[in-house]
Amino acid sequence: MNYPVELQYSRDHEWLRMEDGIAVIGISDFAQSELGDVVFVNLPEVGDDTTAGEPFGDVESVKAVSDLVCPVTGTVCEINEELLDAPEKLNEDPYGTWIIKVENVTDTEDLLTAEQYEAECTH
Amino acid sequence: MSYVPSTPAQRQEMLRAVGLSSWRELYRDVPADMLLEGELDLPSGMSELEVGRAVSEMAEKNTRFSTILRGAGAYDHYIPALVKSIPAKEEFLTAYTPYQAEMSQGVLQSIFEYQTMICELTGMDVSNASVYDGATAAAEAAAMCRDRKCRVTLISGAAHPDVINTVRTYCYGTGDELRVVPVKDGRTDMDALREMLTAEIASFYVQQPNFFGLLEDCDALGELTHAAGALFVMGCNPISLGVLKTPRDCGADVAVGEGQPLGLPLGYGGPYLGFMATTNKHMRKLPGRIVGETVDAKGERCYVLSLQAREQHIRREKASSNICSNEALCALTASVYLAVMGPQGLKEAAEQCMAKSHYLMRGLTALPGVELVYTGPFFHEFVTSLPRQAEVLAALEQNGILGGLPVEGGVLWCATEKQSRAELDKAIAVVEEVLAK
Amino acid sequence: MKLIFEKSVPGRHCDLLPKCDVDPVELPEGFRRETVPALPELSEVDLARHYTELNHRVHGVNCGFYPLGSCTMKYNPRIDEDMAALPGFTGVHPLAGEKHTAGCREVLDTAAKYLCEITGMEGMTFQPAAGAHGEFTGVLLIKQYHASRGDTKRRKIIVPDSAHGTNPATAAMCGYEVVNIPSAPDGCVDLEALKAVLGEDTAGLMLTNPNTVGLFDENILEITRLVHEAGGLCYYDGANLNAVMGVVRPGDMGFDCIHMNLHKTFATPHGGGGPGACAVGCKAFLKEFLPHSALMDEPGHLQVRAFAGNFLVVVRALTYLLTLGREGIPEAAKNAVLNANYLMRRIQGSFEPAFDRICMHEFVLDLSEYKKETGVSALNVAKSLIDYGMHPPTMYFPMIVHEALMLEPTETESKETLDWAAEIFRELYELGKKDPDFMHNAPHQAQIARPDEVRAARQPVLRWQKG
């Protein structure tokens, strides 16, 4: 299992990276492995508001569905449309595959470092 | 008789094998004072011969009409022999939902073929495996069109009253609003619709042909609906699609309808079949079971229940619908019907529906005091005024003919490919005779 | 096997209709269909063989053992089919009027009377078309009841975490917030958990009894009393009624309304996924809220579908009720429970039951230890059963048991069948220890090998396309 140190993590298994004030969000390696083969991603629309700790979409595997929980409050400014045709990218490269980008970030959950998150997952 | 095969001696042996000495002990978790004392207030069980007699006697208490000129949501079409025999086969009949693809390929393939036929008929991209009936299909369509911002549903007042009431009930459930668009001259009032298409409207539903049998200008209704940013839902009569423009060509986002005309008997209202199809864009919002093609571990083509993450057993309270059992055997019946008819047979049936109903209309409206209530093209139903209505309908019934349905403003008549010219002539003659008295 | 479309030959057809004996009518411009639907073009013999070939690739309860837990796959008597095919029923127009449909009314009224007696209810509708549809109808009774009293603060429906997915989905369709309560370790309702969530916002509780692990909740009177004290109503999910019909009545357990799946308990066939039919019963004070058809009956009521429901399915159920009668109904229930206990004990010693006590009509095997030991999962055991011609049990339900296999043999299986089934489970138990790989790849002799469900969901192919 991989926990890149340059990222921050939420307890709901999303990773976050800030790029010029914009929050880039994806799911962790642990999350994708727990989910199994991802078959579809329900994405929000550009312009939708997000709230820290609230779902912004979900990911489907064959026999399960999991909420995607947003670690920040803000406005969706970009969605990764590539995922609509190739959801398997979340399995193949979870850290190289972002899901949404959020701007106007006004609030952020208490996030974990890679080390803390790894401890949480292996607990 | 309870269809229990084990003999009394075997049952005792089995009781002993589980370490019990009496039936009562099987129910030891049930509080004693809750157990039924004495017997149920039901008649004693019957032999098969007696049961056959008792139930047949009930059937005899219904009137059997040789000619049915009543439609209004349930239509008397010819049902080919093969369409009756295939769904009665023991395996199709007694299987459960095809959860185990490895032993259910027959059911799964038949549903896949059904989905394809519904897509062909409607021109849409994706069909589900069916819902309960045309009314619930309309209600499910309204639900799939709602999103966080647009919650209000519009329905044409010229839709079937049971459809309107069912959609209203589903809206009552979720606490969403339904608004009924007024009717003008037997059709959806276009000007009223334009006014009612506000920003909070999620979808507009129109029935084609409508409850009064008339053809709506669906192209124009669809354009209006889309211009306001709402989704356009059409409720279609499947036989009429043999000749009528497809909902896809009319711009529909969702096409639904009552599948009963496709080989299902009138049966006092059920079981019937709700069909439901949409565009690729809305595929993942479609409720109910959907069968998909894939390959097995050896690379062979096969079929499975697919896109299950939409459904209640996975999504629970977040599912958009709670449906699980549908009308699979009725969908199979409809597929066999469509396959037996083929493209030409379906067109022929539709054309004969039109020809026979227009013949009936001309015959009736030639009689004194009988006039078409609404003008404009119709498919196989029409409303006329009818003097001495009760008397005329009673006279028809005495002659083995179920006449049209009394509705506001007159009587709603229907004729299909099933009626011969002689039958229609007879009906017209009976009406003439009463009116001449 | 080829699809029906791949067998199509242009120009081939069946001759069914006579030539039109009246003048043709043209549709006006703008209304005409512009495309020909690609329906198959085949002769009757092609069609008969195609569907017979498909039919051979179906396993129905009348073909063999089908212990699919919570689905009550009992034998579907042929006489029920004969009765439902009587022209005196099939030819009746739903709007033919009371005078001409007295027989249909008698079927519905008689079936309603008997089912009220069996459940301890006082009102009954057959309008819903399936179990989930019945749940929707039942919870709408609860919603209307509270609304009629101006009691608008009741926003929550309580559902145990072991419930079938339809329960929470139904509550949501009725606009309620779903409150999931954890089950006690024995799978029954945790009274403390229930008390903790009850309050003046409680609209009702949805419950099955026997519950989803096949146990009768002995605290049932206390549970319904607590909900009533809080001002809520109690809804009985009749999925498991087969265990107790004629023995104990939901009405006497304190339930206010109930749904019954006629296609489970009352032996009507399931048709590969439907049509089912559902009866929803209620106590007298809820009768005024039962659904009615706007066109058949009178406007002003809710209605959950057109007309009177899946009538021809009710004919089958009534035939079954009349056949069993007052002696046969409890006899069926008792033998369903006996068969389940017998099968559970015969299997025990290999796979172990999740709850080692007397069960009702079904029981759950817990394979989590076995999986740890051998790597063989509940799924692998289920798939292996297919090679023996047995339909697998319900898998991975209820969710409170890991690696669950849920078996419901029903009363219509003989001792010989149960002995045979138990033997197969024991064989597989041993096989999994010796050759787990063989079971990972099961089935080996079925219609197909395991399907690629991931591919089906990632790249949906949901219809045939003309090549």
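Chains: A, B and C, in written order; residue numbering restarts at 1 for each.
Following the convention adopted for this analysis, a contact is a pair of C-beta atoms (placed from the backbone, for glycine too) under 8 Å apart; a residue touches a chain by one contact, two chains touch by 3 or more.
For clarity, every value in this text was computed on a predicted model and none was experimentally measured.
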Which of A-B and B-C has more C-beta contact pairs: B-C
Most widely separated chain from chain B, with each centre as the mean of CA atoms: A
Interchain centroid distance [CA atoms averaged], chain A/chain C, Å: 38
Mean-CA-position distance for chain C and chain B (Å): 20
Chain centre separation in whole Å, for chain B relative to chain A (CA means): 43
For chain A, residues that touch 2 or more chains besides their own: 39-40, 60, 62-63
Residue numbers of chain B (touch at least two other chains): 307-309, 314-315, 318
Two or more partner chains touched - positions in chain C: 453, 457
Contact footprint of chain B on chain A as seen in their complex: 39-40, 42, 60-65
For the chain C and chain A complex, residues of the former touching the latter: 396, 453-454, 457-458
In the complex with chain A, residue positions of chain B that touch it: 284, 307-309, 314-315, 318
